[in-house]
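For reference, the structure discussed in these notes is given below.
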Amino acid sequence: MSGQTGQTAVPVSTGTIRNGAGVQKKVLYGLLLLGLIVAPMAGAYPVFVLKVMCFALFACAFNLLIGFTGLLSFGHAAFFGGAGYAAGHAMKVWGVTPEVGLILGTLTGAGIGYVVGSLAIRRQGIYFSMITLALAQMLFFICLQAPFTGGEDGLQGIPRGKLFGVLSLSEDITLYYVALAIIVAAFALIVRTVHSPFGQILKAIKENEPRAISLGYDVDRFKLLAFVISAALSGLAGSIKALVLGFGTLTDVHWSMSGSVILMTLVGGLGTLSGPIVGAFVVVALENKLGDIGSFLANLTGISWFNALGESVTMVTGIIFVICVLTFRRGIMGELIALTSRKK
Amino acid sequence: MLSQLLLGLVNGAFYAMLSLGLAVIFGLLNVINFAHGALFMLGALLAWAGMEYAGLNYWVMLALSPIIVGVLGVIIEKSMLRWIYKLDHIYGLLLTLGITLVIEGVFRSIYGVSGLPYSPPDALQGATDLGFMILPNYRAWVVVASLVVCFATWFVIEKTKLGAYLRAGTENPKMVEAFGVNVPLMVTLTYGFGVALAAFAGVLAAPVIQVSPLMGQNLIIVVFAVVVIGGMGSIMGSILTGLGLGVIEGLTKVFYPEASATVVFFIMVIVLLLRPAGLFGREK
Amino acid sequence: MKMTRLAVAVAATVLGAVSTGASAQVSGDTVKIGYITDLSGLYADIDGPGGLEAVKMAIEDHGGKVLGKPIELMSADHQNKADIAASKAREWMDQQGLDLLVGGTNSGTALAMNKVASEKKRVYINIGAGTARLTNEECSPYTVHYAYDTVALAKGTGSAVVKQGGKSWFFLTADYAFGHSLETDTAAVVKANGGTVVGTVRHPLSASDFSSFLLQAQASKAQILGLANAGGDTINSIKAAKEFGITKNMKIAGLLMFINDVHSLGLKNTEGLLMTDSWYWDMNDDTRKWANRFFGKMKKMPSSLQAADYSAVSTYLKAVETAKTDDPDKVMAELKKMKINDFYNKGQIRADGRNIHDMYLMQVKAPAESKKPWDYLKVVATIPGDQAFTTVAESKCAMLKK
C-alpha cells in the first residue's frame, strides 16, 4: 500500500481536516449522538443498536490502519475475537467486574496487535497483508484447540455483572448507556489521533513513505504504534460485544470476520471518519435484517421472489462488494463528502 | 511413510495446478484473483452438468469446461476487471471476492450444499497395487495431467515469444503497444487462460472432492498461501511450492494431523520474514 | 338512560374480562413461533428451508389457530453464527412476544439460543443441533431437545455395530468439540460392549483430502471405520474411502449422517454403510404418507430433522390446547406430561427436556436393492429410547438431581 504504487489509489477525504467543514461535521456528529441517546426510548432495540456500535468501533479502529496509515490487515478478527475471548473468560471464570474485563480485553487486543504488528511491518504491501492473514489463521487454530474457548460451542454464559461492583448491567438499558459512553469515548480518541501531529505523520507515511523516511521519521515505529492502537480498540469493541451478547464464538476470530470489517470500511468510505460507522450499520443490518427487508419488499412490490432474499445474504453481500468497488469506490460517506465539498 | 509422501505429492501436484492460474493472473495482470476458488468450483459443476444434462463424458468436459469458464473469464475481465487495473491491489481483491460470493450464492440457491455425485471415468477406475500402497488410478492421472499442464504453461510463458510479449506487456504496455501488439487483448486472453486453468483443476477434482458450491472456499486460502510463498510473480515458484507444500502437508498429517490445515500459514510467515518476495519472487 | 347504558357497558366489560380470564389465555392475542436455523449454509439441506416448510405444514394442519387465536410464524437464517441466532431470538422475545423458539442446526447457535430462552423464560425446542450439553450442563426448565443428540448416536451406532460383530474400531474425527465428543461417547460405548478402539486420527475441519488419514485407518487393520465428523467432511471421507478401496476390508459407520448425505453420494459409494437416525421416511404407512406430502412441496424426501420439526411444533400446539394457555411454565409442564404419538415418534419428554424415543440403526442398501427413488436405507436394529439417551444416573443436569 504505502509506496508500492506511485499513485495514492485509496482516496483520503481531505474534508475531514479542513476547518471550514469542521462546524458542519460537529453538528452532524452531535445529531448522531443525540439520535443514539434517544434511540431506546424511540423504540429501537438496544441490543441490536449496541451490536451495530461495536462493529462500528471495530470498523473505525480498522480504518485507522487502512484509511489513515495505508496498511491493509487481513487478520483483524484476531484482535476482535481474541480480546472477546479474553474478556469473556476473565468475567466468567475469574469473576472480574465488567470494567476490568473490558480493560483486560483491550490490553489483550493490544498485546496480540504488538506481536502481529512487529512481524508484519517488516514487509510491505500485499506481503504485509498476507502475514497478518497467516498469523490470524494461526490464532484461529489456537482458539479452535484451546479448551477455554469452548471450541465451536463457544464461550457461553458471560455474565454482565456489576460495573465497578455497584451498577448492575443486567438491564439492557443500563448496559446500553454505559457501552454507548465507552464507545463514544473510544471514537473521540480515534478522531483526536487522526487530527493530532501523530495522525499527520501517519498520513504522510501513507502517501509517500520514502519521503517520510527521508524527513527523518522512524516510520516502522509509527506504523507499529498505529497498529497497536488499532488492535487495542478492535479488542475493546470485541470485549464490549462479548459483554453485551454474553458469548464469544469462533466466528469472531474467523477470516470471514476480517473480511466483514473490510467490507464495512469499504462500503462506508475508506479514509473518512464517519464512513466505517455507516458501513457497519449497513453490513450488520444486512446480515440480521435481510429476511425482514425481503418480506417488506415482497409486500411492497408484490413480487414474491423477494421473500427468498433472506436466504441469500452472501449473494447480496457479494453484489454490494462488486458495486462498491466498481462505482462507489469512495464508499457512501466518501462519495457524500466529495459531493458536498465539490459544491463549495 | 512412503505412501504418505506419495499422497502428499499427489495433493501437491493438484495445488500446483490450482495456484498456477492464480500466479499467471497475478504475475501478468497484477490482479489478486480471489474468484479463482469459485471458478474452480464452476469448472467442476460444469463437468457434472455436462454429464447430467447432456450426457457428455469426463474427457469431453475436461476440454469443454475450461473453455466455457475461460469465456466467462473474458466477460468478467472486459466488464469489470479492466476498470480497476490502475488501482491498488485491494480493489482487485475485493472485486473478485464479491464475484466469488455472487457465484457461490447463486449456485448454492439452485443446487444446495450437500453436493452432487460424480464418478471417475471408466478408464481410470480401480487402483494399482504399488507394493507399499494401493494407489487409485485416477489419482495417478491427476498427477500426470497436473504436471504436464504446469510445465507446458511455464514453458510457454518463460520460453516462448508469446510469453515474452505477455511479460513485456505487463511491465511496459505502452512500449509493447508501440510495437503493434494488442496489449488489452492479450491481457483479456491471459485472464481467460488463467481461469480456464482453474476450471481444468475443477474437472480434475470433481471425481475426488464432492462437487458442491462451497468446494472452492476451503482451497482458495491455501492456494493463496502457495502463491505468496512461491513468490507472487513467479510461475515456477508456485509450481514448486505447490508440490513442496503438498508433501509437507502430507507429513504433517502423519505427525500432527490437526495442524495440517494451518501448517501452510506457519510456513508463509517464516518464508515472508526471511525472503521478502517469496521463495522465487522478484520484489516489484 | 346514559347511566344505564354506561352501566351496561361497564358490566359487559367486567364480565368480558372475567370470562376471558376464566377461559384460554394467550399472551398478546397471537401465538408467535420463531424458527431460526441455517437456511443457506452447510446444514441447509438437512434442516433449512425444508424444516421451515415442515413447520408451516404443522401450523396449517392445526388449522392455523390455537385456542381460537391466530398463529404467526417468523423465520431467520443464523448463517451458522451464534451472534445472529442469539440476537434474533432475543429481539423476538423482547419486542415481538415470541412464545415458541424452534432451533435448528449448529451446536454453537443452539447453546447461545438456549441461554437467551432460559433467561427470558420462553419455550425453546431445539431439533437440529447435536450437542448433548443442552440437556446436561446447560439444561433449562424451558428447553426441550427433541430429535437426537451425540449420546444417542454414539450409543446407537456404537452398541448396535459391536453387537453385529464390528468389534475393532478406528476413528476418523473432525478436530473440533463436536467431533471429539462424538468420538469419546462412541468409544466409551464400544468398549462397554466389549469392543476395542485400535486408533484414531483427527483431521482439520473442512479438509478437502482424506486420503492420508484413510491410509492410516487402513493400516490399523480395524474392522470398523467410525466417521466422527459431519456434513461435507463425512461426504468426502466416504468418497475417498471408496476410491482407496477401504471399504473392501472395513465397514464404515457414519456417526452423524442424514439421508441427504446418502443422496448426494449415491448408493454406489455408500452401500453397506451403517448410521443411526431417529426416523426414516419409508418405515411405515404413516411415515410414507407424511413424507409424500413433504415431497410434493420440496421435491425431496424429508430428513429426520424435518420430520421432527413438524412433530415438535405440532406437539407444542397440542400442549397449548391442553393447557388452555401459552404461558411457558404451564406449557412446559404439559409437554413433559404428554405422551407423544405421531408419525415421527412415540416420545416422552423427560424432566431435563430430553425427548426420549427410539432410535434406529440403519444400513444403506446396495444399488440393486433400491426399487424407487430415495429408497436408500433399511432398518437393521431398533435401539429403545431408554437405552439410547443419557440415563438419569449419567446426567449432568442439575434439574434431575433433586
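For reference, chains read A, B and C in written order, and residue numbers begin at 1 within each chain.
Methods note: a residue touches a chain if its C-beta (ideal position, glycine included) is under 8 Å from a C-beta of that chain, and two chains touch if they have at least 3 such contacts.
These figures come from a predicted structure and were not determined experimentally.
Each chain gets a centre from the mean of its Cα atoms; the one farthest from the centre of chain B is C. Ranking A-B and A-C by contacting C-beta pairs places A-B first.
For the pair chain B and chain C, the distance between C-alpha centroids works out to 39 Å. Between chain A and chain B the centroid-to-centroid distance comes to 32 Å (mean Cα coordinates, whole Å). Look at where the CA atoms of chain A average out and do the same for chain C: the two points lie 36 Å apart. Within chain A, contacts with two or more other chains are made by residues 145, 311-312, 314. Residue positions of chain C touching 2 or more other chains: 40, 44, 175, 205. Among the residues of chain B, those touching two or more other chains are numbered 105, 108-109, 258-259, 261-262. Residues 45, 47-48, 51, 144-145, 150-154, 156-157, 172, 241, 245-247, 249-252, 287-288, 290-291, 310-314 of chain A touch chain C in their complex.
On the side of chain C, the complex with chain B involves touching residues 40-45, 175, 201-209, 211-213, 215-216, 232, 235-236, 239-240, 243-245, 260-261, 263-266, 268-269. Only residues 3-4, 7-8, 10-11, 105, 108-109, 112-117, 119-120, 127, 133-134, 136, 138-139, 208-210, 212, 214-215, 217-219, 250, 253-254, 257-262 of chain B touch chain C when the two sit together in their complex. Of all the residues in chain B, the ones that touch chain A in their complex are 32, 80, 83-84, 86-91, 94-95, 97-106, 108-109, 221, 224-225, 228, 232, 258-259, 261-262, 265-266, 268-269, 272-273, 276-278, 284.
Residues 1, 4-5, 7, 9-10, 72, 119, 122-123, 125-127, 130-131, 133-135, 137-138, 140-141, 145, 255, 259, 262-263, 266, 308, 311-312, 314-322, 324-326, 329 of chain A are the ones that touch chain B when the two sit in their complex.
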